[in-house]
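Chains here go by letter, A, B, C, D, E and F, matching the order in which they are written, and residues are numbered from 1 within each.
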Amino acid sequence: MKPRHKRFALVAGGVAALCIAAALILNAFNSNLVFFYSPTQVAAHEAPAGRSFRIGGMVESGSLQRQPDGVTVRFVVTDTAKSIPVLYEGILPDLFKEGKGVVAEGKLEGDGVFRASQVLAKHDENYMPPEAASAVEKAQKAEQESQRTLVLDKSAARGAENKP
Amino acid sequence: MSFNWFRYSSPQTFYPLAGRLAPFFWIAAVALTIAGLYIGFFVAPTDFQQGDSYRIIFIHVPAAWMSMFIYVVMAGWAAAGLIFNTRLSSMMANALAPTGALMTAIALWTGALWGRPTWGTWWVWDARLTSELILLFLYVGFMALHASIDDPRRADKAAAILAIVGVVNVPIIYFSVKWWNTLHQGSSVSITRAPSMASTMLLGMLVMVFAFWAYSIATALTRVRGIILERERHAAWVAQLGTE
Amino acid sequence: MRDALRAVFLRDILQAWRRRADWLTTFFFFIIVVSLFPLGVGPEPAILRVIAPGILWVAALLASMLALPRMFASDYTDGTLEQLTLAPQPLSLLVLSKIVAHWLLTGLPLVLMGPLLGLQFGMAPDMLPVLFYSLLLGTPCLSLIGAIGAGLTLGVRGSGVVALLVLPLYIPVLIFGSGAVEAVGVGTAPGGHLSLLGAVLMISLVVSPLASAAAVRVALE
Amino acid sequence: MRDALRAVFLRDILQAWRRRADWLTTFFFFIIVVSLFPLGVGPEPAILRVIAPGILWVAALLASMLALPRMFASDYTDGTLEQLTLAPQPLSLLVLSKIVAHWLLTGLPLVLMGPLLGLQFGMAPDMLPVLFYSLLLGTPCLSLIGAIGAGLTLGVRGSGVVALLVLPLYIPVLIFGSGAVEAVGVGTAPGGHLSLLGAVLMISLVVSPLASAAAVRVALE
Amino acid sequence: MLEARDIACLKGSRWLLRGVALRVEPGEVLWIEGRNGSGKTTLLRMLCGLTPPDEGVIQWVGQPIVDAGEAYRRELLYLGHANALKDDLTLEENLRSAMQIAGRTARSDEFDEVLAQCGLIDRRELPVRVLSQGQRRRVALSRLWFPDAPKLWILDEPFAALDVESVQRLSDRLGRHLDGGGMAVLTTHQEVALPAGRTQRLRLDA
Amino acid sequence: MLEARDIACLKGSRWLLRGVALRVEPGEVLWIEGRNGSGKTTLLRMLCGLTPPDEGVIQWVGQPIVDAGEAYRRELLYLGHANALKDDLTLEENLRSAMQIAGRTARSDEFDEVLAQCGLIDRRELPVRVLSQGQRRRVALSRLWFPDAPKLWILDEPFAALDVESVQRLSDRLGRHLDGGGMAVLTTHQEVALPAGRTQRLRLDA
């Protein structure tokens, strides 16, 4: 091979390898490489069975119950499409609130209840004073009713792009 | 006025220029920090969900942005030094590394500090946090490698190779929150859409960002002067400085 | 050109064969590290099963890291590296030959041994092939990335800097590798992790020979 | 005689100081290995807490093993070892000097860092002092035993296998070391394990200088 | 054909070499002299392209060597202080792979012949590890005896550790190389009989 | 005083040395000659006690060297092919620790003097790594210049890589050592002017 051909072959090989890499990365994003699973994914059996994993979503409004012992709490995690009841014994983070994002780590028991060993609060990228927040919340509720969009942060982030 | 850049690409001419510029950036850094912190702590309202703990944002976000930006700039200088064999470029890369490492450390530390009250944990191994930690290791590796080769020109080149290879990590840090579900929030500020943040908060944050910029430039200039002196200590012009 | 590449490759293999004990050490190291854990951690099978993929992967990573100094160091001191640099062929290809030989000697045994050790830890049978594939895709990445570190630290005061440079770059490989195996363990598909490993392999296949050749050149200056 | 021992010791320390990056690396290696495990194993705090003593101890073992080749290898190639053998002082004492220097540089940082990392893993506060003492007694054993292996690997091919035999000698140290810490974890007294560690230390203090000196002599023949 | 102009090299904070110029034509040998530490090895490495000079250019057939790249390296044979031998391989294995890496595949009988000429034939199956200092040097040097050896030889202290007989043999070989239009650049502290009239001397002094 | 009788050494399956006998008295130097690979290095290492001979005895002042042990090693200075220098330490640090390990603690001004004599004084603060081949050798050899140097010197190719001036300086030093009742055993392929009348030659031939 002439040196020029050789160099061309090498460059072509390199470019091909990088293309394969790009294809593989795109392929990976189609599969579930996640820090947490949404209740919909859990319902569709995409989440691990019989081992601990994380679920993420919203704490359903009005679902939080404290058990008489004072440390055990029960709430429902939802992504509006599906929901999963969660049982947790321990201290909740300060930002844990109904209607807000949460990531819980634990196991899904046979009875369909998720026994959490750790509960983390996940908040979204919105920062605003409380007054503004309540105004936005109202508006959002109305929007939600009409569109039934997902309220998971990820989808909220995407939704935000369409917002004026 | 025409400005000859090449005039300043030699250490000898850049040294006095850096000396003249550095004080301005130091003053700007101090002034902007005071203004930014004032806005951040006294003007900006509390947040509707996080209350006052969100105010870490005024340190965390500027530091996190700078940590990535400085890395890219550093790798750029290092690459220029490697390709064009210009001494000053490599010196700039060296001068930037400690500041970048500091910024990364601050971002990690304030992030962890912030994570405790908001998420309920100091640390999780999500993509954003892990890749930021790798960034810190890359900075440390860059400095360690440079320090452990004693011919400075060889050290420049070797460290440059590492810096260039490490650039892959930066987009991973930035896009990790998009690509994977992370505990870390998505971006609040973006070019393509309006910021999802109240305007005074944003103002405070941006002022702090400029403060961090000014600080980084100031430290880099000051440090590069030290490096120039150290490296060129045997050159005639440095000897002249001493006698002046 | 092929002659030269083959010569570099065969020389490394032959030398390793003459120094069997050296290479066996990497291998034994892997086995011993993996077997040490039950000793250190305690023999509870439930815990062991959970941590098995992580331990196997960390052990593979450490074993291939330990072998890194051997990639260029002796060539550097005995002058072979000068000769490679002055060879008519592109240095990056010659370096790639060396990396391939290194992987065959240090990576491949781990790939073959991994599933056996996994079995010992009580891994489920469907995890073993994934462990195998993840190691098959992952260990070449380790050799490739490691070569950059090994090249950069040639002639450096302190041979150990290599670990500092290389370990952070190994982290993604570790995460995707053990992630793939764990994914099967928890009943999900390992495809995503494996594709990412493949992507890392492809990228390092392009970047590493160039970067390590550049590093070697700088070291010889 | 003290002069010669001090010279050997100081030379190693000074050289290490010039190669700061080198011993910092053992140290970073330790930290990184320990931090890799949560990555590989998964972040469940309950599991991590249980395996913490084991992981810390295995990491300490690996870190000090990583540093072993540095004990004699460079002295062997550059001819220093010949000079030590021909020095008027008994070779075993000179070798002991080297081992002490090696421990100060690689072992001591681990001893100091161990408890901090333990804290990170959520170890109970009463386990930390025991972790500290177990490392304080154990890491010198690792350096001493390792020296024998390092000496044996110097020679021509073949003796590498003997060095592999040394690795298993680390196992008792690992078992007693992590055992002591775990004992506190489960509420029993760690005294037994610590005494055994002490005994291993005393025995290796006697055997290792003699054995490694002999190994070095054989390597030079 | 090999030409260097105005070469300078900075070591630490001192100029080790400044304004060095040299020119080697086919059939000539350049003997670089100088005290220990005067920069001979450094200069040779620059001529090979291993170290870039801090100033000046080095040209091969009128083209800077960095640009000539592969074409230059094909014509070049460099032997440094280090012998580039693998202790665990036998003498023959070492030689064979060194030749292949340098881009020349030699036949088996050529090996026999060369080893015989260099007085190493009875050692061919021994690992290089057991050879004596001088024997190793001879193995490294035996690359010079193969037919179609490269045109330009750059040899750093080739005579060190050789016995009297081998020194003679090497300087004979050098003479024949020059006769064939070859070029060489070398350093040595020993007084060696180099082909008169075709030897240039360049004195570097620290 | 140093005496060896009937030394034999088996390498591989061949006798490399057989029936070698030698005797060095105070004030004498023994020059061991021989082709590459004739066993010179091997013999020197046996004389030092590094390698035990396969046959024969080596005696120091009438006592086998294995028994003499420390007493012998105190009187002995061996320099092999390798220089025993640490790349990362400066020249002075290297020399100082080498002296202390050999059991002699030298004063600071002695170092200055010795380094000046060996022409290394301007390099004293440099790490050995950056020195040239010949300069390293000179550092290793400078141990010979200290006062109260050991009585018996065993030097393997001490002149290799040295420039002409250093060769001269070393052979002068050797002469003075012999004048003071010292002994030396050395090998070299170069023709060096050794003190006439006090030089024995021993030819090993492969």
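We take it that contacts are C-beta pairs under 8 Å (C-beta built on N, C-alpha and C of every residue); 3 or more make two chains touch, one makes a residue touch a chain.
All values derive from a computational prediction rather than experimental measurement.
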Hey, how far apart are chain A and chain E in touch steps, shortest way? 2
Name the two chains that are joined by the greatest number of C-beta pairs in contact. C-D
Just grab the chain with the largest centre-to-centre distance to chain F, centres being mean Cα coordinates. A
Note: chain E sits from chain D at a C-alpha centroid distance in Å of 45
Chain centre separation (chain A, chain B; CA means) in Å: 31
Can you compute the centre-to-centre distance for chain A and chain C, using the mean CA position of each chain? Integer Å is fine. 34
Return the residues of chain C touching two or more other chains; collapse runs of consecutive numbers into ranges. 18-19, 50, 77, 90, 156-158, 161, 164, 167-168, 171, 175, 203, 221
Set of chain A residues in contact with two or more other chains: 29, 33, 118
Chain B: which residues touch two or more other chains? 124-125, 130, 137, 144-145, 148, 150
In the complex, the residues of chain C that touch chain B are 148, 152-153, 155-158, 161, 164-165, 167-169, 171, 175, 203, 207, 211, 214-215, 218-219, 221
Contacts from chain D onto chain B in the complex sit at residues 19-22, 24, 32, 38-39, 43
Per the contact definition, I'd like the list of chain C residues that touch chain A in the complex. 1, 50, 90, 93, 179, 183, 185-189, 191-193, 195-196, 198-200, 202-203, 205-206
So in the complex, which bits of chain E are touching chain F? 11-12, 34-38, 40-41, 81, 123, 126, 130-135, 137-138, 157, 160-167, 189-190
For the chain E and chain C complex, residues of the former touching the latter: 48-52, 70, 73-74, 76, 78, 80-89, 93, 96-98, 100-103, 105, 127
